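All chains are identified by letter, namely A, B, C and D, in their written order; residue positions are counted from 1 within each chain.
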């Protein structure tokens, strides 16, 4: 049934009767309900509509430093070890030092190097918040199948990486409550900067 | 990665093709779950989305080699015209010219005749300017009655680009004008060997030999590798594929400045050398052949321009010219350049007639068609710059009307 | 007419292919003697000349899905970047998104969470602005020693377009910010589900939800159908394929604002939220890996820009910074936009070191690399905006040097 | 021999050694002689060079109203009649009234119509100079083979068209000297206009 085949490309604009001109694009119809009160000066345009709770939940995947937004569920180092071997090891390596040629970088190591000439920035040495590891893994990893892991799996893999990094006790089950507790080694390593650094208008860093 | 030009077989077996200027890629159900196309997927020169399909429209002349195609102004944004949608007017097709085989000869009433390769020209001091080009035949179908249905048809022979090249005055200074030099013949290397005579005053003022458009080489349709740019003058004079400039004391009276591009007046005599494009504006949204889906908020927007300088003001009427409201001008407002205007509008579902009226910095006000016809009659073909009217019917249909 | 993508067999049998973005047409020996390609020969969306072949260059990362490609600044003209040559940076490739299936959710600390289709957004009041976008990783190879050889490699992660869309402040006014709202998370619909936290102050000032670029829909690489535009802020924040905006009182500390896009200082601590792109300039001609064929006249030209406003002045040195001369700025000089500068130069055949130095309207002067490294060390990766030096050797070879 | 095959398209820029970057375009070399005196302020750039007489002659094809630029040679109505039948008739018709569908327009007729509601503009009724007919035919016609006619042929065809238009005596041979003599019917039909026509800033036509 043709009507059910979603087009994957726009067709050329229709020819108009009489002149053969190309039809202009269809005037967009708003998703708003009809009859809304309109007052442009008060930013009431009758365009767009209220987002439902389900619509928001479907995309509100972020996890914040204090654990806000973290999903239900949990996982352990032991579970994570197996999941890592299945989903991550190909690019980040058995020793979590990355695998050349895959783009997968080192996830642990590098402590004490940040003030040297050859700093090594990893989850272990550099990242200020554990939530970022969960959030990023959930949204973007594994690179070849992003968004494919369940919350439980992401908790377990995070527990495994933080365990290998010596940040989280290997016995601790990771869950939404854990984020507020974990102390990342470089938690105090960041500050807000006021630039520019040089030239007229120079402003000192604000700590 | 890119299946440019190829087709994708949709689920039910219906083949789909990418629109002109697009490459066809598979559309994943959830783009967050699968890697997209790799960086440099189109070998380093990208193309538009497969979901965009506005195109130039060719006016149905007898042959496609002397014909014109029009910019889809209704789908435009801002003031830059995408180079792939710049209007075209060719009298003998688009020549394909190898820039290494192309040269420009400057001769006639000069101290020293000169010859420039493209390499020479690219080394000279350059300028970049944003300017509109409008064919003086733009809107020619609309003198007697509303004829074409869309703003692309009625007004699509105008486009704006950022042009880069050498000031023609630089070349004339190099060659040295002789006493009495008053006109310059510009000649193209197309199969029409297109020629126009240009007053020296204009040339010394702001003429540019352009080799670039919107940050890259001129497009073939715009005269690759070299065109004359005469900001604010009718498009036909801005000779493309430029190969020769001859300086003289009198105009050459070429076919394009006698048989064509002269304005026949009601008394049977004709105006000649009506170079400047008078100020003009048009509402591009809403415009002809659209249909407003229902009453509500719409932003009226369009373009205004003047061959005499900057746009000073645009007024919009929703009642066929009885009352006018000043529209906001989007910056930058540039000399001899399209200027976008915008005005919020709440359509109450009743019939309306939308018009725009530009005033340029010389104080000139865009005339009504009635005012223009009172002077010119309806047989002068060129330079119709009157106020355009779009009627919005009760059911939302927008049509081209004379009001 | 158009043989796009096809090949022409040359006289001696060597097959020839059109460069990316071009269609291949036969080249007549004398273009004045044969009709050219007909009007609308490319079905209504034109392409560049087959004699033009500059392309984006991909930095050789391990995978092409998280990689970047750079604008060939050396062949640019004026300030507009051709959309097909706009630099790219993707962390999970370029998603192919059907705009009818796309929506934007605005939620968090707002009075009323809202959902917009692309159709809704296109109907809201629009603005058009010309702005540069620069990746804060631009020039990152050059901290310790001259590494890449061309200006495309050293500075090609910056481009300028005319962007059109809705002011994000309009949407926030519609939704109503709650007390304490200070940050907005912007999230993309690509496979990296890219996220950055943006201060509300910036958003209310000049953030745009852009759906158009250079007069047509956004290119897929630039976020089709919708991207966030934060004029003057680092490119990574200007989230492409935008699907969600969440308002909160604190930043989200995403991977792209902790692991990446933070500036590691010599003391081992790192600056976070270094959003603004400080003023920067670079000479694009002559530039690295070129060779001046012989002594003579050359016009030095390049681009200058500032994330803090307009360019006020550009100075150029031909002796490695000992003496400076003020360059001419090509108008219009726009807020947070590339500005082209030009200076005539006669090369006498002796070694020279070319540099440019911008001052922006805040009075900030582009630093030397030495000055910058004195503060930042060489391991901060991002925001290298120091003066670039090109050495012209006696034989005309131009190389990237630290001088 | 590869070297002798002219490329019909640019190749991708070369890859640079070491970095793999794309080479910038070659810096253009001027066609000027070496060692020219350079003074940009005086418009001496050492770029471009003097055009030779032959180079100019190869492109200087225009013919002006007084016959300036007209080539040597000549042709008659009788010769033109035959040439027209070979090269022009397909598009402009045996009666010189044009042929629908070819784009070829009427070349004669229309006298006395210019001030009516249905003006007919042709070489006969509208064109102010005979030189334009020669010049345009030489550069642009026949449409299917522009630039293919010899000067003698263009003179003959011009004589034929002007003869059919009742402008030139059918016995007169047309040559360079003829242009100054021919009186076109609408020679006085043109004037220089000062616009704009309407609104503030209005200026009257200047005759």
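Quick notes
Keep this in mind: contacts are C-beta pairs under 8 Å (C-beta built on N, C-alpha and C of every residue); 3 or more make two chains touch, one makes a residue touch a chain.
In this text the structure is predicted, and so the values were computed from the model without any measurement.
Centroid distances built from C-alpha atoms place D farthest away from chain C. Look at where the CA atoms of chain B average out and do the same for chain C: the two points lie 27 Å apart.
The distance from the centre of chain B to the centre of chain D, each centre being the mean of the chain's C-alpha atoms, comes to 24 Å.
Look at where the CA atoms of chain A average out and do the same for chain B: the two points lie 44 Å apart. Residues of chain B in contact with two or more other chains: 19-20, 26-27, 32-35, 44, 50-52, 54-55, 57, 63, 65, 75, 92, 98, 123-125, 191, 193, 297, 344.
Residues of chain A in contact with two or more other chains: 6, 8, 12, 28-30, 40, 45, 47, 139, 143, 146-147.
Taken as a graph of touching chains, this assembly has some other topology, since it is neither a line, a ring, a star nor fully connected.
By the document's touch criterion, interfaces exist between A-B, A-C, B-C, B-D, C-D. Contact residues of chain A toward chain B in the complex are 1-2, 4-13, 16, 18-30, 34, 36, 38, 40, 45-47, 139, 143-148. Every residue of chain B that touches chain C in the complex is listed here, in rising order: 4-5, 19-21, 25-28, 31-52, 54-58, 63-65, 67-69, 75-86, 88-90, 92-99, 123-128, 130, 162-164, 189-191, 193, 211-212, 214-221, 224-225, 241, 297-299, 301, 330, 332, 334, 340, 342, 344. Note for the complex: chain D touches chain B at residues 6, 8, 12, 28-32, 40, 43-45, 47-52, 55-56, 59-62, 64-65, 100-103, 114-117, 119, 121, 123, 126-129, 131-132, 135-136, 139-140, 143, 146-147, 189-193, 195-201, 205. The touching residues of chain B, counted against chain A in their complex, run 8, 10-12, 14, 16-20, 22, 24, 26-27, 30, 32-35, 50-55, 57, 60, 72, 74-75, 147-153, 286-294, 296-297, 344, 346, 396. Of all the residues in chain B, the ones that touch chain D in their complex are 44, 61-63, 65-66, 91-92, 98, 105-107, 112-125, 170, 173-174, 185, 187, 191-193, 195, 243-244, 246, 248, 250, 252-255, 258-259, 262-264, 266-274, 276, 278, 362-367, 371-372, 375-376, 379, 383.
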